[in-house]
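Order of writing sets the chain letters: A, B, C and D. Residues in each chain are counted from 1.
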Amino acid sequence: MEIELLSFGKIAEFITIKKLSIDGISDTDGLKKYLEDKFPQLSEIKYKLAVDKQIIQKNRIITDQATVAIMPPFSGG
Amino acid sequence: MEIELLSFGKIAEFITIKKLSIDGISDTDGLKKYLEDKFPQLSEIKYKLAVDKQIIQKNRIITDQATVAIMPPFSGG
Amino acid sequence: MSDKKIKNIFVNGAISPSFISESIAKHSSKTEIGGHSIFLGQVRKDEIDGKSVSAIEYTAFEDLALEKMHEIRENIFEKYPLSCMHIYQSLGRVSAGEICLFVFTSSAHRKPAINACEEVVERLKAELPIWGKELFEDGSHQWKENK
Amino acid sequence: MSDKKIKNIFVNGAISPSFISESIAKHSSKTEIGGHSIFLGQVRKDEIDGKSVSAIEYTAFEDLALEKMHEIRENIFEKYPLSCMHIYQSLGRVSAGEICLFVFTSSAHRKPAINACEEVVERLKAELPIWGKELFEDGSHQWKENK
């Protein structure tokens, strides 16, 4: 399946790809493992995913053409 | 003894005198009773005295030439 | 950080928005500040028995109010790590919709500024000998009461 | 009182003191208001390992941030009897000493404005996908962390 990737803050410094073609992954837990393998720096920091603008608190299915945002801790204000 | 009177807020509408010559009164409790007799409206409202810019919480001696402020509840801000 | 001399807090009439923005702008050189908390009191056009408040006229026992404010200022600076604190209260006539009180606190992190600002507003209203006379459109009045 | 449409909160670069005073001035016709509470975030010139922060560059996941802010706004209007609430957050570069956040709440009596303002600031910092990049004078940077 194809997903669109959005990276923010310090994560955007090492995850610069905008698209991902992956097979055998169907949920956010699987995607996290995949991303942490591919980008080892990610496993060293706190981050959250948002799938189609929904912030993920627990594991969730990902469907083809989803937009997944990878977000480090917020620091607005 | 002679005391200077300062009246504020709604109290200034009915106590307009600036000086008081009184005898036989030596403390704020005595002065309050005197003022409430002389100005019956005063006994119907909440007020505080300040003697020489000290707000009075309990009875206190008044000396000649003191300045006594008669203050209704504050409503600044 | 506290000033030993007694500062004046009273201004004649309403506090203008441009005065507030100038106060804010003056803090751009204080680069240790991370948060400002501001409270503004605005005169309400309250309706009481069918009559509207058109303005409040403020009077104060000025000497005593400034001494009390000085004491509050010293307490607040002891209690919170503030960079700055500025307080302005109107005297005289302030029309409905205009600003009559401006409390402005600043600190490196937000919490002290926010907590100090709120505490100053509460103490100022409770402890400063200031009186507001609510003037109605028909020329009558009543004395404001703080809740 | 809440708006159904999603409002923008983002402004490009620093928030100017004159913008703040214009916002305040616009409320003089809302004569049911008795108190305004304002929080301003200012960029601190922090020193870290001998280097000074000269500016913060803000980025956001804008769509999600505006949706989240809309949700917070609705919650706050349900919880407090507010007349108004205005929120502005800078994106892009804001120099040390400049204003990057402006939260402005108004109510008839002071408590709702004060409590709502504080709650909005806390929730905005915790829940909105916004990131600050602290730029040092030597060209290096680090990512800001909220406490």
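Heads up, the rule we're going with is that a contact is a pair of C-beta atoms (placed from the backbone, for glycine too) under 8 Å apart; a residue touches a chain by one contact, two chains touch by 3 or more.
For reference, the UniProt names are A, B = Molybdopterin synthase sulfur carrier subunit.
Keep in mind that what you see is a predicted model, and the values were worked out from it rather than measured.
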Count of contact steps on the shortest path from subunit B to subunit D: 2
Centroid comparison with subunit D (C-alpha atoms), farthest chain: B
Whole-Å gap separating subunit C and subunit D, where each centre is the average of the chain's CA atoms: 23
Distance between the centres, which are taken as Cα means, of subunit C and subunit B, whole angstrom: 27
Whole-Å gap between the CA centroids of subunit A and subunit B: 73
Contacts with two or more other chains, residues of subunit A listed in rising order: none
Touching two or more other chains - residues of subunit C: 41, 121
All touching chain pairs, where touch follows the definition stated at the start: A-D, B-C, C-D
Residue ranges of subunit D touching subunit C (in the complex, touch as defined): 17-18, 20-22, 24-25, 27-45, 96-99, 106, 108-110, 114, 118, 121, 147
Touching residues on subunit A, where the partner in the complex is subunit D: 6, 8-10, 50, 53, 55, 69, 71-77
Residues of subunit D that touch subunit A when the two form their complex: 41, 58-61, 63-65, 67, 89, 100-101, 121, 124-133, 143-146
